[in-house]
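In the two complexes below, subunit A is the common chain; its partner is subunit B in one and subunit C in the other.
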Partner chain A sequence: MVKYSYFPGCSLKGTGRAYEESLLPVMKALDIELEELDDWNCCGATAYMAVDEVKACVMASRNLAIAEKLGHRELMAPCSACYLVLNKTKHYIHESPSVHHVLDEALKVANLSYSGNIPVKHPLDVLVNTIGLDAIKKRVKNPLKGLKVAPYYGCQIVRPYSTFDDQYNPTTMDRLLEAIGCTVVKDFPLKTRCCGGSLTGTLPEPGLLCSYIILKEALKRGADVIATVCPLCQFNLDGYHDKIEAKWESVRIPTVYFTQLMGLAFGMNERELGLHRGFIPMKPLPAAFAQPVAT
Partner chain B sequence: MEMNQKEIRIGFYVCHCGSNIAAMVDCPDVAKYVGTLPNVVLSRDYKYMCSDPGQELIAKDIAEHKLNRIVVASCSPLLHEHTFRGAVEAGGVNPFFFHMVNIREHDSWVHTDRKEATEKAKGLSQAAIARVAKHKKLEQKKVPIHPDVLVVGGGIAGIHAAMTLANAGKKVYLVEREPSIGGHMAKFDKTFPTLDCAACILTPKMSAVGSHPNITLLSYSEVTKMSGYVGNYDVTVKRKPRYINEDLCTGCQDCISHCVFKEPKFADEFNENLSKRRPVYIPFPQATPQVVLIDPEVCLNFKRSVLTDKCKKTCVEACGEKKAIDFTQKETLLDIKVGTIIVSTGFQTFDAKRIPQYGYGKYPGVYTALEIERLVNTSGPTGGHVVLRDGKTEPKSIGIIHCVGSRDKKTNRWCSRVCCMYSMKLAHLLKEHTGAEVYNFYIDMRTPGKGYEEFYDKLLEEGNHFIRGRVGEVTDWAFTKEEEGKLVIRVEDTLAGYVRRIPVDMVVLATGIEPHSDSNDVRRLFNMSCGSEGFFLERHPKLAPVNTFNDGIYIAGCCQGPRDIPDTVAQAGAAAAECMALIDKGHIEQEPNTAFVLADECCGCKSCLPLCPYTAITFDEALGKASINEALCKGCGTCVAACPSGSIVQNLFDDEEIFSEIKGVLAYE
Partner chain C sequence: MAELLRTIKYESDRVKGFGREVMSVPGCEQLESCIQCGTCSGVCPLSIYMDSTPRQVMELVRSDFKNEVLHSRTIWLCASCYACTVECPRQIRITDIMYELKQRAIHEGVYPKKFPIPVLAKEFHKMAHNHGRVTENWLATWMFLKTNWLAAIGMWKLGLGLFMRGRFSLKYEGIKRKGELARMMETVDNIDIDKLTDVKPKRKPAH
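Let's turn to the complex of A and B:
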């Protein structure tokens, strides 16, 4: 069993708990144990980043320092916003001596230190590039045959740091979904387009428009479901259908985490994977994989 | 030794260089100090030492004060060492009894404290005074020049350079790796801003090259080896097999029409793969030489061992008595000797797939500019009829995206210089051919050149749309009915101040110019340098733009940096003139700062052999000694520093001279 340090961030304990509920058993099934950081704090994303970038990095650096202390080789951050701010902080530590100095001083107060070396990985990267598609295919019990999925990556895991895939045309999730039997919408043109981010809360009109565009195009291309890697994307694409319908038209299509689809393919129970938590239910599921098969 | 020191009479001059030096260095103070040093007979400061009166002053002082050593503290030796050596020689003293101190680039220009800068000038001058006393009399050697010239690359640059030289009576070898000369220009339809037909102005030059008695055209060939030195280069050229005897082929092309492949089946590179050709083909109608070639990758005759003998060799039958087809042809090597070389190997266009958000290779409606050049060309894949890849639909709206791959830190940082102009040329031609609405998306319109801005005006008057903004993406997701089935260009219109979506049928990507992917191999082959972007480096960006750091090797055209046809031709002419200047002089004077081996002391360890970047060192196995070819040695000093027995000495940089210089600078308090 390989161990990774695990930074859940606030979303995976709240609005995005279905992500954690599906991530942990899927990783376990692939012999990966995630050890949650002790006493982790806010990653520093969105609001903090907008107010004071350096202070946001201070918050991120504390999590990095704790992860380094824990001693595992890599830190896994499933939420795209956490993933970005942790990587951004690492970038500043390497590129900006003045920011590095501030972070060092701040960590000293908490009796911590950070060398800047622990890699921050997204589960998608670990699953496809470390564990590998062959190992994943071996775990598949119920290939999701006939399920047409629009792969939606959002912006933060590929921009500005494209550590494991192309910035504008990522394909890692496409390949992963194909490996578990899904039919993938080929060259989904909106795969890295903005979901609306936090605009849905502050300036609803353009925010909702962003979500509407993605949902509409996924439906138009015949998708049964949208697969996402990010809790904020899932929240935006799943949570505002009433408003979108009132403003434009009905574009009801479920948006789920890629790990939930993996869990289904691995034969796990849909409730245990948090599939009941979505506003737009992923129903009816094709009969072949609706129920776990006894092994 | 005492006696010798007393005979040395040094004259010292410190130059103000207007205010370039004098503003930061107290020149009279430096002159005063140096005047107190041993052996210094005379010490002056002067406003412009490089001026005629300044040079005459040196000659006059030599006569009046019986000076036999001269030191000038001024600018970089790169600029005026030659000037002052001349002045010293004019005064009757060996030009190598001179030394130059750089107190401009190394001192006044880089410091801000006048007192400190003055002190530094004194220290550097003191070092030079101590050094020049140890200088030895040296003679410049003359080496004859081989009058033949090698031109590498047969695009418009190579063609023009070869023709210029050949018309002046010089023998030229023109090496081109493709089956025909012509380069990129041969693919163009029209040329900006005059819109004259590229083929009409190029092909007469191509055929003139092909028939010129002074030009040996080596097409479908590559230079594989070069050794030697300025005036005497030995070059090996690899001649790739065409499977056609060039001397026997008349260019009748009967073999092509009789090929067993009734329909052309294989991607035609000349038409940017927009059409097909047969295994036996001629790249384009005006190809020079007018000789066909056979592609062994697809010709059935070369697959006979695998397949049953499908090929009836109908081409051989068609060729008949001429007997030009030779399936047994092998690659051959040709050794030639030349005195000077022009490298004009051109460029490649940016690979549009590197920017996936523009959809090249994903959406069939997206084209590169070079594909459009072929598409609008009468001899192109559709005979000049502009249709989409389905072969029938005429585009009703066309978007041309400028700066694809250029001016972007993620791809190429430089401006490719020609894209604004060629994009407008294509806009004009596409509009003329199809009557479509044409949109240009630009960052800045860059139209410096004779008649270029006027061309931009003309395009505006024709009703072409110009939208300022870097395009975000080309996509096929439609938001409105009008967008269904179209390619949508999403762009922030930075003049209007909002994001626009423009649906079009055809997208043209104005891909930029970049160095060939194998330009590094060419660079190494000819011992040239290149800048960080990979273009070959000129010796001086303003004053020696076609020279390289390797004497006798010149560069012309886009291999040195992006440029248009007029600039390329001007540069090719300049490179040809540089060759002629050397050839007509008949010999080269070599710098005497070369290294030599003290044969008695050489222990034969061969440490120096692999270090020499100019392969100037050879080893005599019989004697067990190394020796250095003076003509090849560039005086870099690497071998001198590396020799474990200290048996390599370099003129102008022997131990005595260098240690005296060090002692001189250290003696300054």
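Let's turn to the complex of A and C:
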């Protein structure tokens, strides 16, 4: 049993709860124990950073310090924005003594401290590079044969701080999806193009265009489903189909978390994995995948 | 008749020292070495909607055209995907410079008042401060009410859809030790950041 500290982030408790619902059982099936940080707070993400970058780092540092209290374990952050901000804060701590000083002073009043050394990992990295594809393959009960998946990584998991994969053409998820039996859209060209982020809500025209382009490309390449690693990407690619259709054309294709696909391959129930929470339902449903496994 | 705008900038439009000030902020130093190649504008998925392209913003900052930059929509259209930052041949952290400019625009209150993006940023900041966490559906609701409540009506279907799928939180999410977080932020407010050389110039809280 490997133990990780776990920072869910606000989205995984809200609009992205299907991500957590699928992540937890998948990790458990692979003998990984996740311990949720006690009283974690907002990571200080994107929109917060536009108002006060130093305080955004203070928000992130409180989480890092709470994680450090649990001992020197790796911290798992499934949301790309949290993953980026936590890593960005670590980066600032190392390169700027003054930022480090401010964070230290702030942590002191909360009886916390942070040495700057907790590794922040994305579950995709942990699953493929630590657990390994062989261990994952062993756990597969229903290989998702015939399901064509467009692997969509989004931007903030690979840029700018990630060290586990290429910043434009990452392949970690491609390999993971192949290991659970999926057919992967080869070299999906938009795998790290921006989904529009929060612009879909604030300025629909440019925001929705970003999502529309990705959805259209996935359909054009014959994908049945888009797999994502980020709650905001999932929301944007899944939640705005009516608006996209009204503006351009229908590009209805389901977008699910990679952990949901893993859960299906592990033989888990679609409802337990939160698949009913998507706006565009995934079809065909897992019954179609349930083929006897050759042993 | 539409308002005619002077397209040539005058020397008098410059706010001397602005570029230096931005370039003294951690993460923004590399701007000095910009070669104006335009790679940033080329890779930016949103540059087609910007009034000044990222390349232009970089030069405007370096050349002290503070008002043009802080009033531009470009800084708010940046969705922070970091494509420009990793592609820049001079390793300029363009996304971080955009963040720096957003902060200055909010601090000086020069962003377009009902422009939803800075309003979202401020509401996000306020909610994270007061509750320690962000409840996305309430954040979106507040943003629409403060910018264009008619647009909120247009979102009812999405809201209802989220509710039916159990993705809409009725209550505000929050942390237990709110006082602890507030004390931490207060401590930051009391540090004279100006005196710490490699830290951003001090600015007052946005609300």
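The rule we apply is simple: the second predicted complex is superposed on the first by the 285 of 295 C-alpha atoms of A that agree within 3 Å, B and C clash if a C-alpha of one lies under 4 Å from a C-alpha of the other, contacts with A are read in each partner's own complex, and residues count from 1 in each chain.
Everything below uses one rule, namely that contacts are C-beta pairs under 8 Å (C-beta built on N, C-alpha and C of every residue); 3 or more make two chains touch, one makes a residue touch a chain.
Keep in mind that this is a model prediction, so the values were computed, not measured.
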| item | value |
| --- | --- |
| Touching partner for A:140 - first (subunit B), second (subunit C), both, neither | neither |
| Partner chain(s) touched by A:189 [first = subunit B, second = subunit C, both, neither] | first |
| Contact breadth on subunit A, by residue count: subunit C or subunit B | C |
| Partner chain(s) touched by A:166 [first = subunit B, second = subunit C, both, neither] | first |
| Which superposed partner A:131 touches (first subunit B, second subunit C, both, neither) | neither |
| First, second, both or neither for A:217, with subunit B first and subunit C second | first |
| First, second, both or neither for A:2, with subunit B first and subunit C second | neither |
| On subunit A, the residue positions that both subunit B and subunit C contact, one per complex | 168 |
| Subunit A residues within the subunit C interface of the complex | 10-11, 13-18, 39-42, 44, 46-55, 58-59, 62, 92, 95-99, 101-102, 105-110, 155-156, 159-160, 167-168, 192-194, 196-199, 201-203, 205-207, 210, 239-240, 242, 276-279 |
| Contacting residues of subunit A [partner subunit B, same complex] | 166, 168-169, 187, 189-190, 213, 217, 220 |
| Residue numbers on subunit B that touch subunit A, as the complex places them | 355-357, 362, 473, 475-477, 479 |
| Partner subunit A, residues of subunit C touching it in the complex | 26-27, 45-46, 48-49, 77, 79-83, 85-86, 93, 95, 99-100, 102-103, 106, 116-118, 120-122, 124-125, 128, 132-137, 140, 143, 157-158, 161-162, 165-169, 173, 175-177, 180-181, 183-188, 191, 193, 196-200, 203, 205-206 |
